[in-house]
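One chain, subunit A, links the two complexes that follow: it is found with subunit B in the first and with subunit C in the second.
Presenting the complex of A and B:
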């Protein structure tokens, strides 16, 4: 088990290195100099040159890549933001709790809503309830989140004055953005759970369980759900990753000062160190979540657990 | 089942009620608490006086810090602030400032000449606002309350530019910028309280401020990433004032009985640049024809709901030197005639594209239509702003549409747009005219206001005739506030929250 975890952690290193190389290359290939974007249109050549020299931007691409990697490996130094001159990880860690909270809350709610309704929908297949749930899920899965966000603001902030339209100051500020993120994720999970459940309850061992006289409740929750959950858990993990990405859009709509907004602004400025570090951070987080998902498998599926033990 | 439904509904309703109550109480009572909640569509770079040039960076500086002298951006009228008085040497290169002895810093210390010299040097070194002090050679403390500033050469706009330089506590800043940003120390009307979540700044009136204590006790500034969220927050009563309403949201915001929206003139403008080193823009008649061909009011209506001032003048029309200078009126026939005189047979399809960025796309499309009406066909190319600026600085983009703004309201700010010295920065048209160069340089050191205006007027007349640019419109800021708030938005985003009060 530990061996497996260590192996997986080590495997993230080439993944992160790949992400680093790709993002670094894209950032270097896209047109536009950071100096012009940060210092503004009125900056003259002397100011631009000074900026480039200060940040080592006058070097060639391989040189810059080498320097960047060297600083990370030798000093764990990811650099300072070009714009604010603060160490990038201070900025990222300052913003991350808000984004993490958004993603976690929305995944929690979407899991509760999605899985419960998915099971209900599968058990009552072809009933009116099932049809209603499936159609509603389809609608919510198709609504773009920024539009839903704006509609919620119009309804609940502007007309009803129930929740603030922006910021992350109190628990009320989280209600609308979490709802926006959770709804579309829940819709996806509902559909996923429903189809997985439908497949499972047609299995022979479910028939056996029913035949030996287990109560319908036990059949569904103990026998069927546990087996149907495997693909759902994978999709939950991926949803968490998408929520972090979706937060970029939602944070802009709700003016929430999270990691998403930091990245958007950094990309706009071509603030190299900040973009690189934020994306690496998210990539590492994503790897971690996927690792956790794999470990959860072991608890759900004894077959996998036995594999680890060997 | 029914019971369960009832429980769920009760929970939902209690929850909504709670939420409703708390935001209600947040909404009213700003005036009673003597607190101002200002929303702004901007980021913040730092709490320093020199690091950053976002709109909010300047708003904060005008709260936490003080300039030596405040100069009205248009009239040039001076009000003494940290300086009690100042003298200028006969050759107009040495300015000696006598500081007020009674200015307290937020940490209780007293302002000295050292703070001023340190702050000026800090500003001069800045890549963001250093241009405001590019004329300064050196600053030195003569004694504790006297500062002497020497210029490289006489510079008429020096006081105007100096009024945008702020003074902080040298001692606190020497301890390190990271620490300073945690707890900035200045001598302005407000002192720093907190900066939460990177989006909420709280300031508090400073009791020992050397003028009267600020009328509003607490200021809370909330930062927005998006103009429509700003407008909605203003409409829903979460804000007392909002700076930077998008014209698209204007009608919605202003329809609220409790809100007024002011149009504040700024130096921001939108212009076409025509690179004189490329065909067909090397012909003056073509550039003039394009100026005549554009229906500026149409462009403004299409892109900004008509909010703005259609003008073809390069210099900001708030400045007196622009009075009486002839403008290009919309005249498609005249445009066609000029093109004919230039030996161009219509319709003409330009072999260069009109380059612009996303923010000016609607303007570009309206201009494309205007030009098509006189028989000039052009394709639009949307670039990333960094690529656009880079291409303009290297002279690779012949035809472009951009928006610009100047920090001070002064004609000297346009020098880099019309001089060879600005090729790598703002002279997107690669425009050179020796006469203009001479007039602009001469006016720079001319101390007599009227004479200076005349020089600039002459230069502007030549520039307008040469038509290197086709200015489209000037763009006001739309700032909203609740009715019982006295506001003074100044000009060009240069407002002091000290001047705001509750009725």
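Presenting the complex of A and C:
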């Protein structure tokens, strides 16, 4: 098991390196000079040259890439933000709790709602309830989250004044963004849980359990549910990653000062070190979540566990 | 002596949105204490459907039983509710399914899966440790070391899995065991082992059994009575001797054996018979075997044959009725 974890952690290195190369290249190719964007249109040429020299922006692409990598490898130095001149990781860690809270809350609610309704839907297959849930889930899964966010603001903030439309000052301000993120994730999980459950119920071991004299209820909760949740766990992990990404959009819609907003602003400023570090941070986090998911999977599925142990 | 099981004129249909499948069309047979009945027939003949009907495990949504009675120890199972059936399943009637690879829950230890059956029918109020002892005992009985009870199904070979399935089915010492092609999915060498073990346990526990199989060799070794089933009907029914060496046979049975076999013949697998079973979604007038029968006559397509009986031996065919008349 240890060996497997170490192997997986080492495997994240090439993944992160790949992400780094892609983002670095894209950032270099897109138009716009950081100096102009940060110093303003009225800055004179001398100030701009000084800015470029200070941040090493006058070097060629390979040289800049080399310098960036060298700083990371030798000093674990990811640089300072061009605009605020603070170390990038201080800024990221300052904003991250808000985003983490958004993603965690939305995953929590979507998991509870999606799994419970998915099981209900499967158990009551062919009923009106099942049909209603399936159609509703399909609708919510296909609504773009930024549009849903705006509609919720329109309804609950501007018209009903029930929840704030922006900021992250109180728990009330989390309600609408979490709802926005949770709804589509819950819809996806409902569909996933339902189909996994239906597939499991058809399995022969379910019939074996019934032939032993177990009640239909026991069979569902003791045999079917745990088996059906195996694929759902994986998709929960992926949803967590997706909702971190989704948070970027949602934070913009709801003007929430989280990591998403930080990244969007940094991209606009072409604040190289900040963009690079934020995205690497998210990518590393995603790898970590997927590793945790795989470990959970091995914990609940003995077939996978014995594969790792060998 | 009272019959342990008596199935009377059982019919089972599957009604889907598009069509009705006439899976079982008036089947009757009886089993007495300690007896083994072999149910032989091609895939799709309705063998599994009959077993599931006895246990009342047919799909509630599609399966209908328009006619028939299933008496078990004098009670008609079709009149019982789900709760009462739960008390019978696993305790008085058990079933072994065809494919041991998928018949066990992959994420539950085999010990727990056996213990579940014991816990569900724990009338003696056994404690947890007493149940564990019983699990060990049952495992030993099927030839699995009790230490292996904490292992999961994927750690067992196919033959060993089928032993676990048998252990689950026999844990509560049922009076009737339905074994639905218990060895079809196994290697030939393992088949013999598993079958021998089943035969030994059956004698040891005095269990009656319905053995569903393709293998005529198995039938001749294990069964007391044989029912040959074709398109949801029993076409020939009798003792082992009747069916293997009786004077008259249903043309389908003859086809199955290749030639009329003797009890001393070597193990022989079912011989494929030319043609296909009739479409189970169509109601049939006349004999269901008519299209494939080498002796088909005009009356066969018109009238459903009645049963020709000679002692314990029954054949459902026009051939013999007419011979009787001519004689």
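The rule we apply is simple: the second predicted complex is superposed on the first by the 310 of 310 C-alpha atoms of A that agree within 3 Å, B and C clash if a C-alpha of one lies under 4 Å from a C-alpha of the other, contacts with A are read in each partner's own complex, and residues count from 1 in each chain.
Rule of thumb we're sticking to: a contact is a pair of C-beta atoms (placed from the backbone, for glycine too) under 8 Å apart; a residue touches a chain by one contact, two chains touch by 3 or more.
Just so you know, these numbers come straight off a predicted model, no measurement behind them.
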**Asked** After the match on subunit A, would you call subunit B and subunit C a fit or a clash?
**Response** fit
**Request:** Decide which partner touches more residues of subunit A, taking subunit B and subunit C as the two options.
**Result:** B
**Which superposed partner A:203 touches (first subunit B, second subunit C, both, neither)** = second
**Message:** Touch test for A:293: subunit B only (first), subunit C only (second), both, or neither?
**Reply:** neither
**Prompt:** Between subunit B (first) and subunit C (second), which does A:31 come into contact with in this model arrangement: first, second, both, or neither?
**Reply:** first
**Prompt:** A:302 contacts which: subunit B (first), subunit C (second), both, neither?
**Reply:** second
**Prompt:** In the superposed arrangement, which partner chain does A:47 touch: subunit B (first), subunit C (second), both, or neither?
**Reply:** first
**Asked** Now for A:143: first (subunit B), second (subunit C), both, or neither, which partner does it touch?
**Response** neither
**Asked** Roughly what angle, nearest 10 degrees, sits at the C-alpha centre of subunit A between those of subunit B and subunit C?
**Response** 160
**Request:** In the overlay, answer first, second, both or neither for which of subunit B and subunit C A:227 touches.
**Result:** second
**Prompt:** Measuring by CA atoms in the overlay, how small does the subunit B-subunit C distance get, in Å?
**Reply:** 22
**Asked** Common interface residues of subunit A with subunit B and subunit C?
**Response** none
**Complete:** In their shared complex, subunit B is touched by residues of subunit A numbered 30-34, 36-37, 39-45, 47-48, 50-51, 83-86, 94-95, 98, 150, 153-154, 157-158, 160-170, 172, 175, 251-257, 261-262, 264-265, 270
**Residue ranges of subunit A touching subunit C (in the complex, touch as defined)** = 126, 203-205, 207-216, 222-223, 226-227, 230, 300-303, 306
**Contact set on subunit C toward subunit A in their complex** = 55, 57, 61, 82, 86-91, 94-95, 97, 99, 102-108, 116-117, 120-121, 152, 154-155, 165, 168-169
**Request:** Sort out for me which residues of subunit B touch subunit A in the complex.
**Result:** 16, 19-20, 22-24, 26-27, 43, 45-46, 51-53, 127-128, 130-131, 177-178, 181, 196-200, 222-226, 228-230, 232-233, 235-238, 383-390, 392-393, 402, 404, 406, 416, 421-422, 424-426
